[in-house]
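Down below are the structures I want you to see.
Both complexes below contain chain A, partnered by chain B and then by chain C.
Up next, the complex of A and B:
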């Protein structure tokens, strides 16, 4: 019975996600029709190309057909995994992006996990001790860090730790031609990842401090906290078993929404530290005016955020008893 | 006239309250400092910020003639930073104004009319809020081409949904209040109800949203310019960082990157403080809590 409620919840969420992805695909198609100038000219950038040759290419890509047919064609190709050819790299966009995804995942998962854990702990402490010196210290630091854009933080880190002190590398994911393997290689990767990851952690963690703090403040004023104290429970037990559990629920719900926001930090950190991920690819696509690649990266980021949101929603739905009970009875 | 004076009195009271808030004072001071710098930019030991200089003046450290040194084209960094404050403030304010205007209109419509109009508008809002903002801004800016007006447009088109959502929920509660009901009973038209009765009551909220949007817009301009999507005809802080980053000589010239980074962060921090203070002050019961 309980599963039935969850199943219908999951199906509704999945359908909503599919509709959103379809809308993203439509937006992505329409935005890139607004590109000024002739896409074929831009693709070759060679004045020697003749009008006949251009006409040939235009027909090959279906650019002589009406918009509706172009959209149809775009959808068909998309379903077959064809996102076009990158002007810059002269190979399929999907291939270029797929090569970069593991590096981005490594950086994102590490940085966000640290940010969420650290941010939640500090936020919970600040919220529990509202008005004390610790609270204003944590609040002040996180408001300040939160105001520093990731690329600014990255540039300063680069200047201090890579250029001046030279204790961290300038960028990239591993030392070129070092011949390292196994454990040594991963140690090298971690060393390269430190600065970009910490730039994301400091900015994104600040958000979680603020969130958990206000959620904790709400929770600590509730009657059940007074009850727990009246029962004679130790302060630490009240904090852990009563306040924190309730304060964390809204923090979990917001995680999904925040992912859309985290993408900015990833693009900035990867750009500054030349981390070979999808975020750096966005910058390269902009610099090379490679529209198919830019279109592809946007699609990948947007769809990734929708899917991550779906996963967060499903986990939340599975944990939260109200969803199961409410639907099945 | 009397009504106007009463409104003025309210605004004055609001700023007095803001000045009792520590964060409000810090935020306002930072804003005032940058506003003065932007206003008097030509008189602050500056030269034309895009004027390139002689070869022997390339990458000079700070000195008597160039207060913050020079970049790889021998341009004066002090002048670039001073004039950059104009770009940030202008884009910040115009983008915030446009965003809040569009967001408020849509929030008012959705909240007041409800039903299918609300359904459609709120679905669009939800859709936008799901999209990763920075990639969307990058894509739009890359397609529309680099110019200040496009940056303003791009920031607004990406940020209005937040304002629309906040305004809508306020309108939902306002339209059930007695004074709206009373106006409706004496036959007030929809537009009079929306703009005459409800709008004046969401103005404080619009102001709080606008302060937040200025922060967003200043950040957005800086990051877009840093990623190479800024207006090449104007000097902005993000643009200075872009040139420094691309030049590959950043390591030899810390004076080139530290000032713009410091300015971006200080200005954003100022508006973050101001935003926090404004929403604190606007909370019902603030006066009582502070014993004012």
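Up next, the complex of A and C:
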């Protein structure tokens, strides 16, 4: 019975997600048709190209057809997994993006995981000990970190640790022509990952501290905390089983949404540190006016956000008993 | 010696504007097999006083004087660990507004077993059996042990709270306005339950309320509080029939009587004083119809009259 309820809840959420993705596909398609300029002219900036040749390419890409037909065509191809050809790399967009996803996953998942764990622990401590010196200390640092833009922190780190002190590389994911393999190669990757990861951890960690702190403050003022103390529970049990358990609910929401970045990449950090991930790809696509690639990355980003939200919804139905899961009677 | 003796208890809240004398020189006692009602308007210090018995007074509040002797030990000077072991086991408490007093993301069974496992050396399975028995004791089917608080009505949540409070057979139960905010039928059911438990478990109870009829249902002895002080203590029946202190009289006149003759209700003119700067002399004198000069100058001491302990200058 409960499983049936959960299944119908999951199905309803999944249908909603599919409708959302379809709407995004439409908007995504329209945005790029509304951008001024002729994509074909962008492709060939060579004066020797003749009007006929341009017309031929236009026909080949189907850009001579009316908008409705183009949309029809776009959808059909999309369903077959064809996101078009990148102007810049002259390769299928999907392939270009797929090449970048592992690097982004590596960096963002690692950094976010550290940020979530550190941020929630420090935030919980600060919230539980509101008004004490340790709270002011944690709050001060996280507010500062949270208000500094990622790219700014990244540039400062580059300047100090990579340029002045030269203990970390300036960018990239591995040393060129190093010939390293196996363990040595991974050590090299971790060394390259350190600065971009730290700047993501600091920025997102600050966000998690602030969020956990305020929801912890909220939870620790609730009557059920007094009840827990009246039971004679140890202070650590009150904190863990009663305050933290309730305070973490909003943290789960934010974590889910942030997880979308795991696929989409974090543009600022990846750009500053030349990390070859999806975020950096977005930046390059903009600089190179690579519309099909940009359109593809936008779609991947949007789908990632929708899916992450779907996962959060499903988890929420599980961890918060108050959210009635598909009870219809 | 009584089970609980509170002597000259003083609790002040230190605010920027000055010290708020929430509880000022309050003394009362509860014997084994006795039920004490603590009655007074909102903000008169009754909750603060019993919170001190659990040592729940937190900054800016501070216990600045007095003694709270429970079973021969002074609660105020106990170590944190001693008071923790006393909570839930020696003294249990049920709070106002059970809506928020239960953890929303934990099953009620878990919330009952938690207190048992903290104080007794038994296995988890045994504690769940106990939890089921506790639920049945308060009139909830044991099959609901895995339910969450939001699946219960307000009255049932309060029953769960009582199940938690009585789970470790405490020696004293404090009920802080346990039926406030519930409809009268549910109130009635809960009071019946409380009376049943009191008799079956022989449980001494401190019952806080601002509702006179609730006190009449449950308590043998009543203490009337006004502006941080107790003004009259007596047996419940006697207080109803012959209130001595002008405030007690006014309180009873302000309440409708169902059985007695029909009479108009009289409200008490004025408002309770601010406790930062309470009136000099008797704290009730600005609202008292019988106030004379001495009431404005000297604080009244307790005197006996008709078996009542009353702090009023009108008694000689």
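The definition used in the following text is that the second predicted complex is superposed on the first by the 312 of 329 C-alpha atoms of A that agree within 3 Å, B and C clash if a C-alpha of one lies under 4 Å from a C-alpha of the other, contacts with A are read in each partner's own complex, and residues count from 1 in each chain.
We take it that a residue touches a chain if its C-beta (ideal position, glycine included) is under 8 Å from a C-beta of that chain, and two chains touch if they have at least 3 such contacts.
Bear in mind that the values here come from a model prediction, so they are computed numbers and not experimental data.
Once the two complexes are overlaid through chain A, chain B and chain C fit side by side, free of any clash as defined at the top of the document. In the superposed model, A:99 lies in contact with neither chain B nor chain C.
In the superposed model, A:229 lies in contact with chain C only, and not with chain B. Once the two complexes are laid over each other on the shared chain, residue contacts for A:147 go to chain B alone; chain C is not touched. By the touch criterion stated above, A:135 is placed in contact with neither chain B nor chain C.
Contact with chain C, but none with chain B, is seen for A:246 once the two complexes are overlaid on the shared chain. When the shared chain is aligned, chain B comes close enough to touch A:294, but chain C does not.
Rounded in steps of 10, the angle chain B-chain A-chain C defined by Cα centres in the superposition reads 80°. Contact with neither chain B nor chain C is seen for A:188 once the two complexes are overlaid on the shared chain. Number of chain A residues touched is higher for B, counting chain B against chain C. In the superposed model, A:20 lies in contact with chain B only, and not with chain C.
After the two structures are overlaid on chain A, the closest C-alpha atoms of chain B and chain C sit 7 Å apart. Only residues 127, 129-136, 138-140, 142-145, 215, 219, 222-223, 226-229, 241, 245, 250-251, 254, 257-258, 261, 264-265, 268-269, 272-273, 276 of chain B touch chain A when the two sit together in their complex. The residues of chain A lying in touch with chain B in their complex are 20, 23-24, 31-32, 34-36, 143-144, 146-149, 151-152, 155-156, 158-159, 163-164, 257, 260-261, 263-264, 267-268, 271-272, 282-283, 286-287, 289, 291, 294-295, 297-298, 301-302, 305-306, 309.
By the touch criterion stated above, chain A contacts chain C in their complex at residues 222-224, 226-234, 237, 241-242, 245-246, 249, 319-322. Chain C makes touch with chain A in their complex at residues 54, 56, 84-89, 92-93, 95, 97, 100-106, 114-115, 118-119, 148, 150, 161, 164-165.
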